[in-house]
């Protein structure tokens, strides 16, 4: 479709009320899933985040690892086993995780944002004591799979005050300097609480929470905390949605105004979420 | 035309390079002519300016008086006469000018910007010694028609640092406190130089400088200072275009990077000028 | 009387304790009445306010409209009628109010202050959303006579931090951009509360609250809030004093330390109030 | 003479143009002579300096030692001898100088200023490396009589930025930590240059530079640098005036706008100098 | 003992955990006793305090008068008498106190710190209203022996923010400007509370609180507030230790984290206290 | 050797003059070679750098890759070939370089510094456009081996202002987002010039520049730029020393005050260089 310059100007102007609403607000974006693999989707997420910065928001990106960790583990012939559905992370695996998350994925996102006109700075949870971690399973059955013990948001604040976009790899460090691999959704929620974010957006590969998983039209666009137990009981919240919803719940209880589960397979889904009332995905509210 | 949300998002993203280019820049907009009379054009100029602010520019508005001065003079039965095509401004006329410019037009623009989501603050050249004026004709043949003697941009800087949009009525004050009516184009150019603006946009009722005044396709989209004398000789720059071009010339010589004569009758012409390479009107360059 | 330079120096030095006491304090002055008409009184009020600024106070001026609104209404043959003693303000009247308050009176005060060495900046309640108004009479019987719904003191704070003197015309704007004419005393009280002023001074045309309205010696120099109902019952607080006293009461309840009703017909009455213990007029205290 | 409150207000207002002129300016006052001995004069100097601060100037006081050094030397039976009219300062004498200047006189001035409502802080040239000194006579014939080698105005700037009044005892320190006694006029001039003062006022016990020393009416109210040699040749500048004039000359050459030799025996002579055009004493100009 | 450069580096590095612990903390040091008389000890205290500053602490020094007051009283043949073991301080004595404390001792410490590379600034309690005093004995039996009524830490804060080291002579001033001599330990405790210090160190001439005064091995290294009454009853806290312990108690109750009574006769005892866990002297804790 | 606490304190104090000299200065440390492999040396470098920060310097670390790149290339069976002694870097190799430099080595150094009490933040040249790179060999014969085209030190300045320690991986990005591997010495020199560092320290595996490579006693402790060509001609500067010396030369010409080639195999060699006059290695001076 070919639009005249005027029609384009009209559309810019339509965004004004949304721009105004989020001006100066902090938005944590958990970036992962399909939007991290498909080159075109990737490019659009980068544009969306840079645009958010230029129209006055303070986006903070937390990313997962994508399929590349498995690929490198395989190439290096490092065997892994699973405990209750979670991968046991030994030191060799941990090194691969760090190289992929910190050295490859994080820097690719930083490059992508900067190529789109942003000023992004990569961080891991090790930088400036950003994420203090502890083993998720204290018995050591999961190795270096960690959970967030404490967030020190100092370096994030320093960066966003100067209008940089922080991009955070979900790695933590305990007090002895040992690295831990942490679920990126959990990191995003904890960071959102620690920086007092106004919004948390989880990019996923589903259209949101569906009453009937086979019917996109059954999407629950708004979910109250009080209704979560019932939906769990009914099996509506199930499988991979359980941890997503738990992250949102944790963020909402921690004071984050709005949390969203958004379909990253839809191009520009972040912008759509921010700049239209329509809403995409599922919003979890108090 | 109905656009999908996605198509709209694409258009927002297209604006990114322009947003980036002008981020943090000061843009002086001379607002006048048709764009100040037609309600719909008016609304769009307000949106354009507020949008400029939200995407990181620092717009500064200078406005003229429109037809309302004449209307009030007529209602009050104040007779005026003209000297060399300029209206002789006596004290009674001056009062009307001040009431219309400072009390009505300025505040209408401020209201309009604020209703569009901006934070505008009205100023006249009297505020904080912003514009020191002297009579344009020292013999007094024009009464209180003035010209700019000095700009003290302190109050403008104070306001834009806090992200307000200054809206300036083209009134000056001499050292004895006497008010003067100054041509708004001249004020815009002088303010642009004083605040070290990156861009000056004059909204006019013409499509730009035309080689052949009957042929819009003959528009000169870029005009070099060196070519001005020739165009004047040839009669291409003539009539009302002479003072417009002179203002641009003065701004360019004073260090303003880009100056534009833009057709205010085209909706969103400011945005088009800023956000497209196409360019509208005529740009005067060094 | 001719004073030696030494005698003058002594008098400057006498003011030291008062200067010290008010150093850095915010003082809202409601300027109106005779002090706004008589040229000599006017000049002195300007000097007083500028002097306050130079000795370290932060004066904020709120002004009324004086007789000029009526004069212009008459010249324009706009008929007005009264409802319960208040003028019904239709759109035509409102335009005149705006032109006089914002375009003439406000700028005259700004000019006067600047000519006395100050750096004043004119504001109306429309600027930067300073005063959000609503109709005083929700039934619309009074037209666009408004009352203060909310004060956003941001632009005042921005200006006084840079040592400017804000001069405020008592106009408000509702959320649709409609202008309202508000009683200046009410605006002064609301501004004083919003900026957390230390002092509110209402310039009036009476010597203060008199027990016996025919006997200036019966002036009540200090009035406690608790005594107001009794004085109203006794008819001591009556007529035009009722709204003045109500304004003071509102300011005191809002946290303004000291509120004063001062006789603007006495030259330099503001300075006298500030720089002498004697006190002039009536001070309303908690 | 009894003045009405109004007459007093008029006098305050008369000072406005002078207050405006010196607002934010730095004024170095060399305090010494009769004004340091007579209790009443003393009190007035304190008031003058505190008033200067409250009306926006930044006064910096440098003081001499007065007769108290001699008194204590005598009581302690420390013998002194003179070399070319200057007292040889050995270690025992130096200790007395330090105790009197730093422990007694400096703190008396600080107390006096604070009792008048100021916030004064005593300094010696030793504090924070303020004055680096070297022996005036490198052969050691004068002992620890020093001259200024370097001023580090950091601590003065720190204090006046917070609106304190620095009070400086004219003691310096060489790189080994040895204290030196320096002429207070020289310190005042050097400090004035180092802090880029706008004005230097030397309080003396003479009415200024007189053509005829017996005729006060012969006072030279303004002295150009170029005329100094001639006046020295003619014997107009002679005796104690030579070093005073040299200090002023040094300050003027160092960029201090105005330097004044003022009669400290006249009450409030500092205020008179600052707040009247009449001028007292002699002003040395480029 | 000759150490290799490497061995020295190792020792620097050993101090890291202590440096880290106290980084940015305020430490009030009461300087007095032997450490103020012995030249070598003196030099080391200066080094210790300057080093504290360079490794990021904010030391604040309060000093006593040492034996020099008595010497000068004797030389000047000023007779003194004692009331309950405290010297009656008349005006003549007070002057000597001020000259010694403010003019000599204070400036010697400032010189010493600056010669060691610091940027020290001498203060007395008179400067900027730092210490408001009242007579210790309201009946006047002790003359101008004072106690602390109020501390205004403004000037201390101003100085340490710019990385200066404040050095405070224990003199106060009442509201009439009368000077008072105050016990330096009491001043140190009051200053520590007022600036919210993290540590108070009292340099004394004892090894700390000893259970058996003849046995240094009986030192109580940590003393709880609750145990003080018992130790007083048992005579363990007795004589000169009573006021020292009272000062610590007062500081602890005022919120100072750690207070120490340290042996100033041990070289570098301040550094040892700060940079070793061993601890020297007695620490009083809540 | 066992030292008493006192002896240790003495050593701390000995460092004072050096601490003072470098207070507030920026020092770029190129970290590589043996000091990056040997665990004990590593720990000491971490301590040295953290200590530098705590005593007021602003260290900035640039690191190389060590042997780990080769190890991973080998494990992944990526074949590489060499061009003129430099490894051709194709995309697969580049990915390994990025994972090792950015994901492993950089984060190990960050962890090490933080475990020693520092607040380090890892950066690569991609972050915030820190290093713009171009191919070293424009013909592409070296693949993605790059050289520095431009340094944007903004993010470094932001971090050191908040007392963080930046740790920089020597990766650059061209305008299309392509990553380049750059020699770490070159990056260190370019960063030192860009941040206007006072000192550049290159940690190497040699004792400095030796006249006779077999005789450590022939070390040239100071090398003038003018002497470089001669030493190159004589073969004294040869092999791996050539690029090191070139880096120092480039930094010195760029305004870095002091540049040092230091033996990283000596424990605490950085501290020794900074805190002793003895000097270790070779200093290159203008």
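Order of writing sets the chain letters: A, B, C, D, E and F. Residues in each chain are counted from 1.
In this text, a contact is a pair of C-beta atoms (placed from the backbone, for glycine too) under 8 Å apart; a residue touches a chain by one contact, two chains touch by 3 or more.
Just so it is clear, the model here is predicted, and its values are computed rather than measured.
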Task: Neighbouring chains shared between subunit A and subunit F, ordered by label - done: none
- [ ] With residue numbering as the guide, point to the option in B-C, C-D or A-B that repeats A-F in over half of the contact pairs.
- [x] B-C
Open item on the list: As a test of understanding: of all chains, whose mean C-alpha position lies farthest from that of subunit C?
Closed with: F
Task: Approximate Å spacing (C-alpha centroids) for the pair subunit D, subunit E - done: 35
TODO: Report, in whole Å, the distance between the mean C-alpha point of subunit B and the mean C-alpha point of subunit E.
DONE: 67
Task: Whole-Å gap separating subunit D and subunit F, where each centre is the average of the chain's CA atoms - done: 55
Task: In subunit C, residues with contacts to at least two other chains - done: none
- [ ] Please name which positions on subunit A make contact with subunit B in the complex.
- [x] 1, 3, 5-17, 19-20, 23, 44, 47-48, 50-51, 54-56, 116-117, 266-268, 271-272, 275-276, 278
Task: subunit D residues touching subunit E - in the complex, by the definition given at the top - done: 75-76, 95, 98-104, 106-107, 110-112, 114-115, 119-124, 126-129, 154-155, 158-159, 162, 164, 171, 173, 176-177, 179
